[in-house]
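Just passing along the structure, written as structure tokens.
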Amino acid sequence: MSGHAHAQGDGPEVYFQYEDIDQQQESYVVGMWAFLMTEVMFFGALFLIYTLYRWKFHDTFFLAHEQLNWKMGGLNTAVLLFSSVMVAFAVHFAQKGKKTAQLICLGMTLMCAFGFLVIKSFEYGAKGDHKLYPNYTFEYGAHDKDHKVESWWDDNLPAFMHIEKKEQHGDPKNAKLFYSIYFTMTGLHGLHVVIGIIAITSLMVLIIIKSPLITDYVPTELVGLYWHFVDLVWIFLYPLFYLIPR
Amino acid sequence: MAGHDHSELTKGGAHPHHVLPQGMIFLIAGGLFAGMAATIGAAFMIPEPLHSNTFFMQSLALAIAIFKACLVVYFYMGVKFGTRLVKIFAYGGFIWFFTLFIMMADYTSRPMEPVPGWETVPSSALPRNTVEDPE
Amino acid sequence: MSATLIDNATAEQPRNDRNYLNADHTLKSWLLTVDHKRIGILYLIAVTIFFFIGAVAAAMIRYELTSPHGILLSSEVYNKTFSAHGIYMVFQFLVVAIPAVLGNFLIPLMIGARDMAFPRLNLLSWYMFMTGGLLITLSFILGGVDAGWTFYVPLSTLSETQISLCLVGIFITGFSSIFTAVNFIATIHKMRAPGMTWYRLPLYIWSHYSTAIVILLGTPVVAITLFLVVVERGFGFGIFSPELGGDPVLFQHLFWFYSHPAVYIMILPAFGVISEIITCFSRRPIFGYRFIAYSSVAIAFLGFLVWGHHMFLSSQSVLQGLIFSIITWILAVPSAIKVFNWTTTMYKGSIHFSTPMLYALGFMGLFLIGGLTGLHLASIDTDVHLTGTYFIVAHFHYVMVGGTIMGYLGGIHFWFPKMFGRTYSEMWGRISAMIVFVGFNLTFFPQFIVGYLGMPRRYHYYYFAPEWQFYHILSTAGSTVLGIGFLLPGIYLTYAIFKGKKAGPNPWGAKGLEWEQAGSPPITENFEKPVLVLEDPYNYNPEEDSKMYEHEVESADMLGGRK
Amino acid sequence: MGWGPFQYGVQPEAASAHAPYYDALFITITLLLLLFTVGTVAAIIFFVTKYRRGTKVDRKNVITHHTGLELIWMGVPLVLALGMFAWSARNFISVRTMPDPAESTEIFCIGKKWMWHFQHMNGVRENNELTVVVGQPVKITMISQDVIHALYLPEMRAQYHVVPGRYTDLQFTPTKPGKYKILCAMHCGTQHSEMVGQLYVLTPTEYAEWLEKGGNRYKTKPTTVAEAGKQIWQEKQCANCHTGVDNPRAPSLAGIFGKERVFTDGTKRKADRDYIRESIKMPHNMITKGYENTMPVYGGTITEPQVLALIEYIKTLTPSTGDFERQDIVNSIPGTNRDNSNVDVANQGQSAGNAQFRSAEDKR
């Protein structure tokens, strides 16, 4: 076929439907951005729900948010920001063609992602132990002032991560709404982190086995775009859930 | 067979059109961590008259978040260096997000319903449909 | 009238018999294909199956409603039946039918590309579509869903039927359409042949581009909304739960934020198909190309800002209702532009009454009625009495069946020779087009009246108002005719796939890359030679075309003895 | 079995004050529809006949665009559309403007799977039947116990959704005595199509007779809603804090209805039904300026009919009546203990299971 620009040798492969490498790379980036538009709307609906209920039940949301551990959230923010920087470096090295450095950066990202999930599991576990998981086990404001909540997850935190436990105030029903939104949004974000882990791992494996699928920097850039988006969501989730002003 | 958008791209071959330099990556990273510190700092260290002003505190937190988001989108995600098409899609997605907030207009305007007359008569609880007062 | 099919001698015949259909014959080569044309055929098979499942449910509903007391089903089963009808038809047929079957097949052909931008993603979306369809089917096998296709909370969160499974299926189908839309957008933006500028694109591409944008921006919202219902049912969270202070009306807002644009996802591609068919069989450049193209974009844009007209009475605020009402009225304008432009396109044309043209003419009549009865519902006051009644049912069936399905059938008939390289029986095609038109009107027109009389939709019994029975019997009779109209193409088209007469590359004498530069059926790479586009679309000459048929008219005049 | 147009009209009976206005608008839009459909279809038929292939007509100089024409057929529908919008908006606003309570009958409606429950101000309660007097505006205040319903009165051209968790309202003025349909127009589950009832519009004389008999099914004159509310007020010991005048513990509720309330966060809200309901069920959400959050949450212990009754009673309070001594708890509250209203089931556990609460007596 005329117009089939199959690159020979070490150059990146151009798939048969494309004319040249520029068209191919552009298409992939545009496709990824189109998908990210979808993701924006996906989380957008949740942010709308959050805004509405926060506006309607501001006081209870403030009181309920005091049960969240802002230190752990902050640590997670730092972890994700760092991973985002690492991904930026991975794309940088991929563009420069430095495979080893790229793999190291991707590895760091992967570790950050797992770190994020571990910290998250401590948070979720502590919420479960405090009976703040918003299903039938939910019990809000049911404890006395002196009643110490036994929490395996809290006890196993390092000392600097502890925060003073506050008394549970506010309407238990609206607080349950708060935790429903909290668990849905952070849970979906966590799901995106898991998908990101799968994507990064596959990318690394494909690079290591020198798969013909990875011939240039574009796959790394696409994974990078996705991971930056995951970071982006957390940038908004952190102040909206952990640092609600009175 | 390349589309006409193709003309925007000058360089050919496998080389990317723009590589974010390492110094820039560090700079942005610095900005992001500073933003994070600012968020936490603002939440705890703003002095009292402002601290209990929900609107101010929330706007501040969101402003910092938007600043961080802009750094990520603009530089790390490469929108600044992308083609016009990428810019349209990136901005379009974030702008369209706000159409969802038309829904808030419903909730904020519900108290404006035209339901007059409740104040004029102190009690509507008295039986009105009595035999003595048919009309 | 076999002369309708011209063997256009000027068009290029493929040198050999190689084409995408006979490139490989194994089942594996079909199931793992990345060829957009084969994926289009896979979708064709899938949506046909889902369509017939939905149609069986519809037949059951119609049969049940012939008596005010019901005949066969219990209320519970009846509710599950209409839910099945709605869910299969909306999510598994209407939303995907034209974009996934005809869009997949034609977009690369029309813009002169060798394939979609992301062929593997394309295959993945077919598999996701099938997974979603199977989960939905499974949910109906395991007991069914009784909340209707709208899944309003708290009904859907309290229901004890298989709603979670069904919603997961719809969620997956939703992401399948998102991936298809990503593919369309990247393809249309980046894969156009040299010389194929935006204003040389067929209007079909414009409408699919608008559709893809709507899918991208709308579908995730409904996906997350339905996901929240699953979370509420499965994990006991309560985001829409009124018991916790949540607002069930918020669900409706979010649901219709997608589901109203979804109506345009269904109808816009049909507009594209009709634009192609009308120009081809009028043998005339389309009238007002730019207005039709931009009206597609305007519909896509405005279509996002009118979702609240489904909720005028749902305790939404009056102010919000009025805003949505006025935008809905304005939205009538771009649809009107299209119809007027199509009509004017026939002026000074050379009209061929081929099967696709009959469908297109039927489409215009039905869409007019369907669209204009939309005004009764856009008008916020008349909506008070009509919403939630059979008037609504009739209105959206006029738009969805009279619009989308007529467009889909017209498109299938139009591009059938391109897809399979064979022609079908023109006589049977015309007969079935007539039957569909008549049956359709008989089915749904009485529903306007019974709706105005006050029959709420989704009612199983109406023993308290036996005067409605007359209209229901008419409607059921019509649906029988309509059913035959849908079965007939299934039969003669299937026959034609295997035994039909061989078609040349351009049996209709149509313009467009897919007709002029690709074989019927096309080869796997679509075009034998590199494509270069030099002229505007629809470059027909009605005068020359008409001259070829003058003898036909003369002989007909002599036979009929007319002046 | 009826035979449609031969026996009944193709138009539903118009029995409310709004119905003629409604029908005028409906018919106008229908005529517009006919105008456009007939016009376009005629043009199509004319073109396809005249320009069918082979006919010897002028096909030269095919025009492919004409901006003036486009602007005309954009402009005319646009102007028509805006005009029709203005008309319908005016109608809608008038139909959504609730009548003056001094001149209207107020009725409470509670929708639940699958029945309509109506409660008159004079205490008469009706199930799936509603009796109103001709010529007097009716305002129905509605709430749902479970899922969303829609109260639909086709002959009155009136419909509105009945939503759980919030009061919605609906008004109409019956103009013709007779028996009409009450329907549920929002799919609400298995017996959706049996959630129907009758609307009786009676002449004043008939209505008086009907009232005399205690709404046909109560032997004794029933307790009014406000009286029932008073009993709840006493039972819940509201007067322990809410006395006739403001005290340090709680604000007085005398004459509160319709007044602007200022809250601790500085926001203001008019004390309407929804506000009072929320303040009873979730008092901490809106704390009046100058008071502490001390009021217990009644959300889980009070039913919707009880809240309704309480609100009605609060409306009757004056500084002197509000300030009464604590009384012994009144155990029997006629008219409220018949309902096993379970709107607030969240505190009992999983909502999904508990809301399927339909008791045997409610099943028709």
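Residue numbering begins at 1 within each chain, and the chains themselves are lettered A, B, C and D in the order written.
In this section, a contact is a pair of C-beta atoms (placed from the backbone, for glycine too) under 8 Å apart; a residue touches a chain by one contact, two chains touch by 3 or more.
As the structure is a prediction and not an experimental result, all values here were calculated from the model.
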item	value
Farthest-lying chain, centroid of Cα atoms versus that of chain D	A
Chain pair, A-B or A-C, that carries the greater number of C-beta contacts	A-B
Central chain of the complex, centres being mean CA coordinates	C
Between chain A and chain B, centroid-to-centroid distance (C-alpha), Å	18
Centre distance in Å when chain B and chain D are each reduced to the mean of their C-alpha atoms	35
Euclidean distance of C-alpha centroids - chain A vs chain D, Å	44
Sites on chain D at which at least two other chains make contact	93, 96, 265, 282, 346, 350
Residue numbers of chain A (touch at least two other chains)	3, 23, 26, 30, 34, 37-38, 41, 44-45, 48, 52, 56-58, 135-136, 171, 173-174, 176
Chain B: positions in contact with at least two other chains	1-3, 5, 54, 85, 93, 96, 100, 103, 107, 113-114
Contacting residues of chain B [partner chain A, same complex]	1-3, 5-6, 9, 12-14, 16, 19-22, 25, 28-29, 32-33, 36, 39-40, 43, 51-54, 57-58, 61-62, 64-65, 68-69, 72-73, 75-78, 82-83, 85-86, 89-90, 92-94, 96-97, 100-101, 103-104, 107
Chain B to chain C touching residues, read off their complex	1-5, 85, 93, 96, 99-100, 102-103, 105-107, 109-110, 112-114
Complex contact set, residues of chain A against chain D	57-60, 135-136, 170-174, 176
Residues of chain C touching chain D in the complex	75-76, 79, 146-148, 150, 152, 154-155, 157-160, 233, 236, 238, 241-249, 282-291, 312-315, 318, 321-322, 325-326, 329-330, 332-333, 336-337, 339-341, 343-344, 346-353, 361, 364-365, 368-369, 372-373, 375-376, 379-382, 384-385, 387-389, 449, 452-454, 456-462, 464-471, 474, 542-543, 545-546, 548-554
Contact footprint of chain A on chain D as seen in their complex	265, 282, 284-285, 297, 299, 346-347, 349-350
